[in-house]
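The two complexes that follow have chain A in common; it is paired with chain B in the first and with chain C in the second.
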Partner chain A sequence: MSDKDGKLSKNMKILKDKMLDTISGVPLLGWLFGILIAVLLEHFAGDLLVDVLGLPKIPVLFGCVIILKKPLMIPGAMLYMLLIYILPISIVARLSSVPANRVAAKLLDYPMFVSVLIHIALFYASLYIWSEISAYRVLTLKLTLVAIILTLSLNVINGYMGEFSCSHPGFMALGAYGASVFTVLLFANDKIFGHALLPPSLGPFMFPIALIIGGITAALGALVIAIPSFRTRGDYLAIISLAFLFIVKSMIENLEVVGGPRGLSSQPDYAGLPTVFMWTVACIWITNNFVRSTLGKALNAVRDDEMAADAMSVNTRRTKMVAFLFAAFWAGVAGGLFAHVLRYVNPGTFGLQKLAEVLAMVYFGGLNSVYGSIVGAVSLSLLGEALRPLEIFKWIIIPLLLILVMIYRPTGLIAFKEFDVGKLIKPKQRPGKEV
Partner chain B sequence: MALLRVEKMSHEFGGLRAVNHYDLEIEKGQIRGLIGPNGAGKTTIFNLITGIYKPTEGDILFEGKKITGLQPHQIAACGLGRTFQNMQLWRHMTVLEHVKMARYSRITYGLIGAFFGTAERYRQEEEIEVIAYRLLKMVGAVHLADQIVTNLSYGDQRRVEMARALSLEPKILFLDEPTAGMNPEELINMMDIIRKVHKELGLAIFLIEHRLKVVMELCQIIQTLNFGQVIAEGTPEEIQNDPKVIDAYLGRETVA
Partner chain C sequence: MVFFFQNLVNALQWGSFYALIALGYSMVYGILMLFNFAHGDIFMVGAYIGFGVATGITALASFGAIALPNWLILVLTILISMFLTSFVGILVERLGYRPLREAPRASAAITGLMIGIILETGNLALLGAKRVSFPALIKSTTYNISGVYVTNKKIMIVVVSLMLMFALHQFVRRTKWGMAMRAMAFDYVVVPLMGVPINTIAALTFAIGSALAAAAGILFGIAYPVLDPYMGIVFGWKAFVAAILGGRGSILGATLAGFLLGFIEIFVAMIFPSTLRDLIAYSIILLILTFRPHGFFGEPYSARLRL
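Showing the complex of A and B:
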């Protein structure tokens, strides 16, 4: 019996190695191409396949909702996933690996940003076609992208600098209201601020300014936290920042000018998918640039040993200040985008639950890592949506998952890993062929 | 003019006078030692000079300029490098990142460069990388450049700390027990490195050490400290035979 088991596991291992071997030679370009083909397939043949398989409609979030709601449809949903996503992506990626490698190698001759832009464009095309299927997908996607900005910016404080800040939803609220007041006041007719002051056609061009104003509002709020953070660390800072979160929340609740507890609505519809996507890419790019420079690495030095950092000429005050303001700025931008995606904000959104959500994304994904933030934000956002049919059980499963991650990988799934774009986009060689 | 001059420096922790009217003068290229029993105030003196504590009284002059009361990073940027008794390395960072980090004060690309990855930033980062590799080579740790420091052996960690301090381009190097906890082989290796950096970079070195062998072989002038006060100062031979030093280390024989 055990012999048979051994043989079986050996076969499994060989199979696994073979599978790894076939996919390891595929560069990122090949994968993106595969994904593009898969979403195109869904776009054109999705409805047909749905009819054949007897599903009610195209499964919006990879079939999770259907599986959980109607267990009888599990085979159909699984088959749909296999036929639309898994098989096309892997087959196309595998088949295109040789030309894709050649293209990727060719792109190395040009400046790196050319290659990066091509990758991003390809990825955006896939996302766009994927999200076109339903409005729900668009909304989920936008909120996921906003979550990435938020998680990444919190990771700068909690991961890279190793402080425990709890004020992120507060920064987000400041950003959301800052940006909303700007756009609603200037470009929208609404009950609170009256008629638009400027022609609404100007609005979309001013939206980046609105977001930057939101970010700066949040950064100004962060100054309040940054100053005590020079003196306190650890628990004390956590308490101060938590207090800040409540101050912001109750301040907005009592500000009748911006609608008080009823919230602020009628934001113009400026936050389309391309806008949100571009801001997310910008945030990832700038944050990654920052944390990989020696000035950004100073955050790690301050975290690991502040006294040594100081003795090695690192200006620790400036470093902490920059990190706080930087993170708050991006949280504010995320807040501004959030407000314009939902086109409504109320102070209740930016409470403890939001804090728990962001913290979970940071610690689940991995500290001190851009990859980790992306993985954490995407997986928890999608999981939160996909498990919606479970209702209350969702709040048992997700925390349970978090606990498991904390037990087996205490610093998160992908912690302390550098996000090296150059490495990511370069052509891959199959390990077997090198020898 | 002396490179570093400390005049009548005193420091109190609460009511305890940890350092009392301490004077020091170090010339360019000199190696000086500071010895004394545990708790004599040696590390406190290091921390006072490098700005971690502020002296209650007295002045510190570096190249004729008063540095008393400056922030530690400002003092470090002036050219005072140091190592720590318990090697305060950054545990998640690689060896190369350690050495590059100490160039912080010389980076001029600013936040714009850091955020947007300007050409100037890449040029400067490359430049400090070259310097970092040169220093790692000097201390014999170039093969460890990409390792996380916590994976290194004790002796290697000491060498990394040395390279990190040198990367500041200091004019004077403060070594706080550079050979603590080392085996004989590592000890000889470390002494070679100290001699080498002294010779090649022409640094002044001020070192705290418990192993008399190291102090006697390396230092030109030695100070002995007890209860925060200098009790003897002189060449290694003088110190070795000074009755007050012997008293401080071994205690006085009480004759009934």
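Showing the complex of A and C:
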């Protein structure tokens, strides 16, 4: 009996090794190419396949809704996933691995940004084609991208700096209102602010300025927290930032100029998928450079031992201030994007619920890591959407999942890992084989 | 003057809820250096347990199974609910915090947050979205003391909470368990080596904190007899502010800060438009913390904070 078991597990191991061996030689370029083919396939043949399999329509979020709502359609949805996503991606990636490796190696001859841009363009093309199927996908995608910016910026404070900040929804609110007031005042006809001051055709070009204004508003707000709380270390940032969150929310509720508790609407439709995508890429790039810079390393030193860092000539107070304002700036940008994606904001959005959500994303994904933030934001956003059919039980399953992650990996799924773009895009070799 | 005293009475009542909840935060924070973010929801669970117990006892009494005077029902409700809720606290500690004792403190805070969400949603799933009204255990009578209106409920609430706080103070000062707790707050690493059972003390801390939160929940239910599953969120976070404002692990500090928060909120709402309450109240707290970052009775930060 045990012999049979041993043989079985040995076979499994060989199978696993074989599968790993097959896919480990595929560079990122090959994967992106495979994904592109898969979404093209869905774009052109999705409807046909849906008819054949007897599904009501193309499964919007990887079939989760169908699986949870109509158990009879589970085989159809699974088959759809297999035929549209899993098989094409793996087959194309595997088949194209040799040319893709060659291309990736060739691209290394040029400056790195060329290769990075090509990767990003391929990825964006796939996202665009994928999201074209329905407006729901576009919205989910945009909100996920905004969540990535938000999570990344909170990770700078809670992960890299090692403080516990509770004020991120507050920064987000400041950014959302700062950017919205700018665009609504200048480019939209609105009940509160009257007619547009500038021709609306200028608007899309000024949108980056609006977002930066939102970010700066948030950073100025962050100064209110940073000045008192970075004189000493300890848990006082947690409570000061919490008090700040209450203050911001209450302030906006009392400002009749921006609509008070009713909220502010009629933001122009500037935050299309390309805009949000570009800002997210910019945020990932800048944050990654920030945390790998001397300042970022100093930040880690401050987290691990402030006194030792001080002795090693790190200006601890300045380091903490810069990082905090940096994070607040990006939270503000995320807020501005959020406001323009939904085209409506109200102060109730930026409450304790949002705080729990952002904190969950940061700690689920992993502290001190750009990878972790991306993984955390994407997985929790998509999970939140996918489990929607479960109604309130969603709010039992997701917290349980998080508790389990916290117990077995207390710092999150992918913590303390450096995001190395050069390593990511370089051609891959199959283990044991020379190319 | 009458205006002032009238609001003073209201503020005393409002502050005693904050103070009772803040004590639970403060004790856990002082001894285990953890933010127990589930505490606000334990307050909610306590209120619901109190509701269940009170309904049960009054039903028994009305069937004539037992004949009890009203005040005894109240006392029994408070005691039984405190006892039951303390097990919720122990359970939370056992499942959510003990596995994470060696983890970064922030991870434990996230666990607490998530346990809080589970408690809220679980309650919603079990009892449905409708609000329940707390049974009226005592008849309300109003006394007019030279223009100031005081109800017997308010007096009862303030007296009961002060009694509980005094009992806690005595427990921590006079008993061996209390001494162990204080020792643990003093040094988290060495004291367990001296034979103090850390798990028991941690469980005891959570149990006491939860019992106090349950008492606060019942008193809240008596004053404002409508319970809903999300009532603990705002209360919990505000009491958390009060707990830290009082200083790390200081019972007196948490009590004073809780009452102070109540006073500020009530008086701001009386003098200014009530929508400005949070804005002004938390600006004042921000200001206090700017000049006293360690809270009222906390010691300055030392290097032994573990992360």
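Definition applied: the second predicted complex is superposed on the first by the 428 of 435 C-alpha atoms of A that agree within 3 Å, B and C clash if a C-alpha of one lies under 4 Å from a C-alpha of the other, contacts with A are read in each partner's own complex, and residues count from 1 in each chain.
One rule holds for everything that comes next: a residue touches a chain if its C-beta (ideal position, glycine included) is under 8 Å from a C-beta of that chain, and two chains touch if they have at least 3 such contacts.
Remember, predicted model here, so these are calculated numbers, not experimental data.
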Chain B and chain C placed together on chain A: clash or fit? fit
- Query: Of the partners chain B and chain C, which touch A:N315 in the superposed model: first, second, both, neither?
  - Reply: first
(Q) Contact-wise, after the overlay, does A:M307 reach chain B, chain C, both or neither (first, second, both, neither)? (A) both
_With both complexes superposed on chain A, which partner does A:L295 reach: first (chain B), second (chain C), both or neither?_
first
Practice task
Scan A:Y344 for contacts with chain B and chain C and give back first, second, both or neither.
Solution key: neither
Requested in this report: Go through the superposed model and pick first if A:F193 touches only chain B, second if only chain C, both, or neither.
Outcome: neither
>> According to the stated criteria, A:Y128 is in contact with first (chain B), second (chain C), both, or neither; which is it?
In response: neither
In this superposition, the partner of chain A with more touched residues, chain B or chain C, is C
Taking the superposition on A as described, I'd like to know which of chain B and chain C A:I239 touches: first, second, both or neither. second
- Look at A:I247 in the shared chain and tell me whether it touches chain B only, chain C only, both, or neither; answer first, second, both or neither. second
Would you check which partner chain A:A356 touches, where first means chain B only, second means chain C only, and both and neither mean what they say? second
Once both structures are superposed, the least CA distance from chain B to chain C in Å comes to 11
Shared chain A footprint, chain B vs chain C, residue numbers 303, 307
Per the touch rule, the chain A residues reaching chain B in their complex are 286, 289-290, 293-298, 300-301, 303-305, 307-316, 322, 368, 416
Listed in rising order, the residues of chain C that touch chain A in the complex are 35, 95-96, 99-100, 102-111, 113-115, 117-118, 120-122, 124-125, 233-234, 237, 240-241, 244-245, 273, 275-279, 281-283, 285-286, 289-290, 293-294, 300-301, 303, 305, 307
The residues of chain A that touch chain C in their complex are 158, 162, 164, 224, 227-229, 231-236, 238-240, 242-244, 246-247, 249-251, 253-254, 303, 307, 352, 356, 359-360, 363, 367, 392-393, 395-396, 399-400, 402-403, 406-407, 410-411
Per the touch rule, the chain B residues reaching chain A in their complex are 50-52, 71-73, 76-77, 82, 84, 88-93, 97, 100-105, 107, 109, 111, 113-117, 121, 125, 128, 164-165, 167-168
